[in-house]
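In what follows, structures are represented as structure tokens.
Two complexes follow with chain A in common, the first pairing it with chain B and the second with chain C.
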Partner chain A sequence: MLMYKLMSEFHLEWGITLLTLNFSYFLFNSYQIKANWPLSYSTILVSLFVLLWLTFTTQSFILFYVFFECSLIPTIILILGWGYQPERLPASYYFLFYTLLSSLPLLFIIIAHTSIYSSSFLQFWGNFMDKMIFLLAILSFLVKLPVYFAHIWLPKAHVEAPVTGSMVLAAILLKLGGYGLYLVQVLNIYSETTLMGVCLMGGIFSCLICLRQSDVKSLIAYSSVAHMSFVILGMLMSCTYTNMSSILMMVSHGICSSGLFYLSYLFYARIWSRSFLLTRSMISLFPYLCFWWLSLSFLNMGLPPSLNFFSEMYFFIGAFSLDWMVVGLSGILCFLSSCYCIYLYSSTSHGESLYIFKLISMQLKGMYNRKSSSDSVTDFNFR
Partner chain B sequence: MSAESVLAQERKRIRDALKLQYQREIYHPEGINNTGAKFDPAVQRFMAMRATSYERFKPTSRRSLLFLFGVYIIPIWSVVYFMDKRLERKESILSSGKVSYRDRTFKFHT
Partner chain C sequence: MRHLRRILPLFSNKYSIVSARSCQVRRYCDTSDKKKGDEFSLLKSNVNNKIEPNVLVPNPVERTLKSMGLMEKEEFDNIDPDIPRFCDVVIIGGGVVGSSVAYWLKESVPDGLEVVVVEKDLTYSKASTTLSVGGIRQQFSIPENIQMSLFGAEFLRNANRYLNCDDLLPPEIQFHPHGYLYLASEAGAEKLMENVTVQNDFGAKVALLTAGQLKSKFPWISTEGVACGAYGLENEGWFDPWSLLSALRRKNHYLGTEYVEGEVVGVEDLHLGVNYSGQEIMESRAPRDLRIRTKDGKVYPLRFAVAVICAGHASGEVAKMMGIGGGNGLFVVPVPVEPRKRYVYCVHSQDGPGLDCPLVVDPSGVYFRREGMAGHYLVGSSPEEHEEPPTDNLDVDDNFFQEKIWPKLAERVPSFNSLKVKSAWAGHYDYNTYDQNAILGPHPIHRNVFFATGFSGHGLQQAPAAGRAVAELIIHSRYQTLDLTRFRFERILYNDRLIETNIV
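Entry: the complex of A and B
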């Protein structure tokens, strides 16, 4: 009953369903995409969106698990088929095996529970749970989110995936873990201070790792780990405000992170590199694009009145009621996340460009020699 | 002239020749249709090195143990330990009834 009450108050499942549908609608109604995408690519994306929609709307935990695992298949096909570096092979292995192996305990728990109680509804799980079983049950969601120490697959998969793969991974697939945690967190009657400590320190380590990245996509991927540590913390605290904070963080991160991945692709389509060494001083060439970089970086760092800001605000309200130590470390986490957002924007948009004259003349020549509207450096290559 | 200064001059000559070749290629007017930045094998090697660092990492026992304990285990353990102590103290005060209703935690929200 508590779960249904929470669902009706927050409408989480419909919120994420709408996000998925809007996302797919936006992608499929872009005229360039219709012109350039092969049928296989569209089919894989449609199947992925259908599976995600089914995952968020199903009321049975067994079906939720089945769709949760099935969404791996089109994602791996996307990475292997349309990624553009040989490193996509180990990336897909990491992605597949991390998710599969971590979700095996959950499968056994669901089967055991269903065989004992003849039902997979969560209301009956309270009698079945003890601390170890709860941790094993949430392990797959923690790996999917991901929690630090189980996050290795994320930068690999995000970097090697094509642009649509990265956007769907960041916007929706990570939130599968958050949604799963949201479903079972009503059963969290344990004070998981160990997991909270791991999330807090893991988030801080992720921010520090972001500050030493040389790959734009890799930085955005590691920033997801830092933001998702907030989500896990909020769910573990079992407080209304921190729950709201987690949900808002999931939605806002889905928008910001996927936007940043798309912007990094737009730079990649022109420079053919994701390196910070080469993508510099882009504001001289693409001032309006850098405006979007600035906006999304500010939204990502939690500048008011973004959703991220409200999420962090609600988190601190809940954390103050729990413990000052959590507040202090979360404050450091917020500060470091602002640091890497500013680093991301200033490194790509400002600074001294090595190739500025070449790029300006290339752009000018492209403008004058364009034969048709599709013959330009802005062609979308579904990468 | 000493042998070292001769070698230094030779290295400078090679460096200047490479710089001149690079600048000629990058600003060549006929090379305008090349999209993106000039392919630099050093940058490519650097990016490949960063991308494959996990596969090539060879830990040494002393530094790895120092990093493991100093950066991961001790900070996380200390955070968890002090958080546990503080929460236990709070719980014991609350459960023994020493906190008045006016000073209860979660006063304004659940």
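Entry: the complex of A and C
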């Protein structure tokens, strides 16, 4: 009953919006991406989307939990079956065990709560004085989001997953955590300053880690960590504006992040390397594609009038009235996130043009007119 | 105007840059063997392109179950050992040049690139590196060769700084800087003097000695028929190639390069797409998958972004696997590197030159150097073009020493009249049949394939510089320290030889 009220009052159709958007990405992909074993691929993806749809629309908390856990299975099969490298094995183990172990306490809490209160929907009316139970209840969602200290599974899983797996992970599976946090309605009651500190500093640290990445997908994965810590912050502030900001951030991040993963896959499919050193100056090869890189990077960093910008604005409006320190640090967080977005775009699109794709200049100079090789060396310094 | 006509298509809206490039390339390709109306055959063949499960991604559900350990143990045994499936840079050939490229790549960008070195025989029993005499000299006639060897000497002198790993003992390269002594007869004296001027201009320290000075400096030489000599005073000499190779390999392991023991048996192209612009249809292909056969006979795939061919005397064959040589258009030009067998004889002479003996090169091509302190000398010579020995094995021909080398040796150094051959071995030069100089740089069409081969006997001394050059090309897209543009592969297409006069 309360859940239904929440959905209508706070317009929680955003989860379903996200799902639909991502599904449309998937439809586009399945035409463009030549996956091996396409039938199994489609089956697993469809089952994943069905489970996610169910997660977002179910009225019962137990069912929400069940589908939340079930969505792990198709994702693991995607990573293990279609992922590229042998490193996908530890990546999938990290993913699986982080999620399972952190959500087991939540199961106990649901069962306890249901047996005591005979209602499957968690209501924290301030009866739970034990901080530990509070933490355990939200631990699962924090790991899924992820918060900084429980984020290690994310870069591994994103890098090793195939492109569609990465897109679904980034766009929707992370938001399951945010959705769960919103449902549990716990963060409004306990103003948890430790968690605020962890989110702020964790976000700043992951932005700085982003700037040191040599792998394109890894950078986008760490940017998810930074944005999601912003989401937790918004919910912690327990203000309508900041709640709105979290929701908007989740939606916009879903769009940007999955778009960026797809774009990085387009480069990977041509150059077969994810390293920044070998995927650079792409603007000379794919000029129109770099337009999309630029747009998505701008959307990611919160350039007006993107959704990201509105979420950050709402956050600052709400947070200014509450705590100056948070505003200052989250301002640094926003600035650093634009730093790595610019780094991402400029490294991949601009930069010295790759030798491995340089234009053949001998046609321009005329092959048969050359007399000696001691002629100008500017041929191969052609940039 | 003529240039405008060629550049204009690049700026016209109809063509993308990539397709303009493919147009330009096509113009120089041989289209006479294509039938009219055949241009659309490429398109047609792609329409019914079924996606076949390739060896890289077998059945995913099986793969999942296997990796979770839920399938039978026998299935597990078929999974490959530590051979990686994907890498950024693959270096074909793990000798000194290959290890040098890997070193410079990883040194500049430790985690930025995944580097895999594929070497046929990790014991290096037949590799040119370990069978080499180990000399290093700056006495070349081409300035770039001089500079490369100068850097090689500097690398050897500072090997402790370049190749040290934190917890391990520093490497010992055993560089003996005793110099090279090139002797010239009357006929070659002028060329020698010219070369010495060039060498000194570029930083080498080579002294020109007259016959009298030679006699007083090296009394054991007979200066009959010798007009002058060029003696390298610094940075020349010999060193232990095996030590350099192991030091490089150890440093590479430390930096995270992976060495794979296997032989490259095939290279597959990745079909990138069909560019159809204007009237020309060009299929974009690029070499992408190596097929490596390990000792147990199984063939494993390895997908790479950039390949560097440092396979020494087998470079020509490896390049053929990539389609370079024997194809259409520009692919008809092969990498002109083939093996040439060279013999090295270790002789013992009681009254030989002694400790103050550089690596002496006679005008006839015979060379010798001191080995150790007990009166051993390494002797060798390059045979004439028509007398090249067969290269299918590494057997030594003793007659070659008796007939071709000993007489000239005894003429030059009378005390070598009595000597005893202690042992001998043979090794291969990666001989560049075009102009006996290195080939460095990418292939003009397969731009993700780099060459660092064809050194024709100078590979060991030029390895540090060549490795650094190729690493700079891959990472920075241009030469930053030494400009080795003249060694590019295109010189073969331009019919432009780089003639080096001082070859041994």
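Throughout what follows, the second predicted complex is superposed on the first by the 314 of 383 C-alpha atoms of A that agree within 3 Å, B and C clash if a C-alpha of one lies under 4 Å from a C-alpha of the other, contacts with A are read in each partner's own complex, and residues count from 1 in each chain.
In this text, a contact is a pair of C-beta atoms (placed from the backbone, for glycine too) under 8 Å apart; a residue touches a chain by one contact, two chains touch by 3 or more.
This one's a predicted model, so the numbers in the text were calculated from it and none came from an experiment.
Novice: Touching A:214 in the superposition: chain B (first), chain C (second), both, neither?
Specialist: The answer is both, since A:214 touches chain B and chain C.
Novice: Between chain B (first) and chain C (second), which does A:277 come into contact with in this model arrangement: first, second, both, or neither?
Specialist: Both chain B and chain C are touched by A:277.
Novice: In the superposed arrangement, which partner chain does A:77 touch: chain B (first), chain C (second), both, or neither?
Specialist: second
Novice: Looking at A:244 after the superposition, I want to know if it touches chain B, chain C, both of them or none. Which is it: first, second, both, neither?
Specialist: So A:244 meets neither chain B nor chain C here.
Novice: Between chain B (first) and chain C (second), which does A:90 come into contact with in this model arrangement: first, second, both, or neither?
Specialist: After superposition on chain A, A:90 lies in contact with chain B alone.
Novice: Which partner does A:40 contact after superposing on A: first (chain B), second (chain C), both, neither?
Specialist: The second partner, chain C, only.
Novice: Would you sort A:285 into first (chain B), second (chain C), both or neither based on which partner it touches?
Specialist: So A:285 only meets chain C here.
Novice: Mind working out whether A:352 is in touch with chain B, chain C, both or neither, as first, second, both or neither?
Specialist: second
Novice: Which positions of chain A sit in both the chain B and the chain C interface?
Specialist: The overlap between the chain B and chain C interfaces on chain A comprises residues 85, 214, 270-273, 275, 277-278, 354-355, 357-358, 362, 377.
Novice: Touching chain C in the complex: which residues of chain A?
Specialist: Interface residues on chain A, with respect to chain C: 34-38, 40-41, 76-77, 80-82, 84-86, 88-89, 92, 214, 270-273, 275-278, 284-285, 287, 352-360, 362-364, 367, 370, 372-374, 377, 379-381, 383.
Novice: Can you name the residues of chain A that touch chain B in the complex?
Specialist: 85, 87, 90, 152, 159, 191, 193-194, 196-198, 200-201, 205, 214-215, 218, 239-241, 270-275, 277-278, 317-318, 321-326, 329, 354-355, 357-358, 361-362, 365, 377
Novice: Can you check the complex and tell me which residues of chain C touch chain A?
Specialist: 3, 6-7, 16-18, 21, 24-25, 27-28, 51, 53-54, 57, 59-61, 63-64, 67-68, 84-86, 88, 109, 111-114, 270, 272, 288, 303-306, 441-442, 444-445, 447-448, 473-479, 483, 485-486, 488, 490-491, 493-494, 496, 498
Novice: For chain B, which residues are in contact with chain A within the complex?
Specialist: Counting only chain B, the residues touching chain A are 26-27, 32-38, 43, 46-47, 50-52, 54-55, 71-72, 75-77, 79-80, 82-84, 86-87, 90, 105-106, 109-110.
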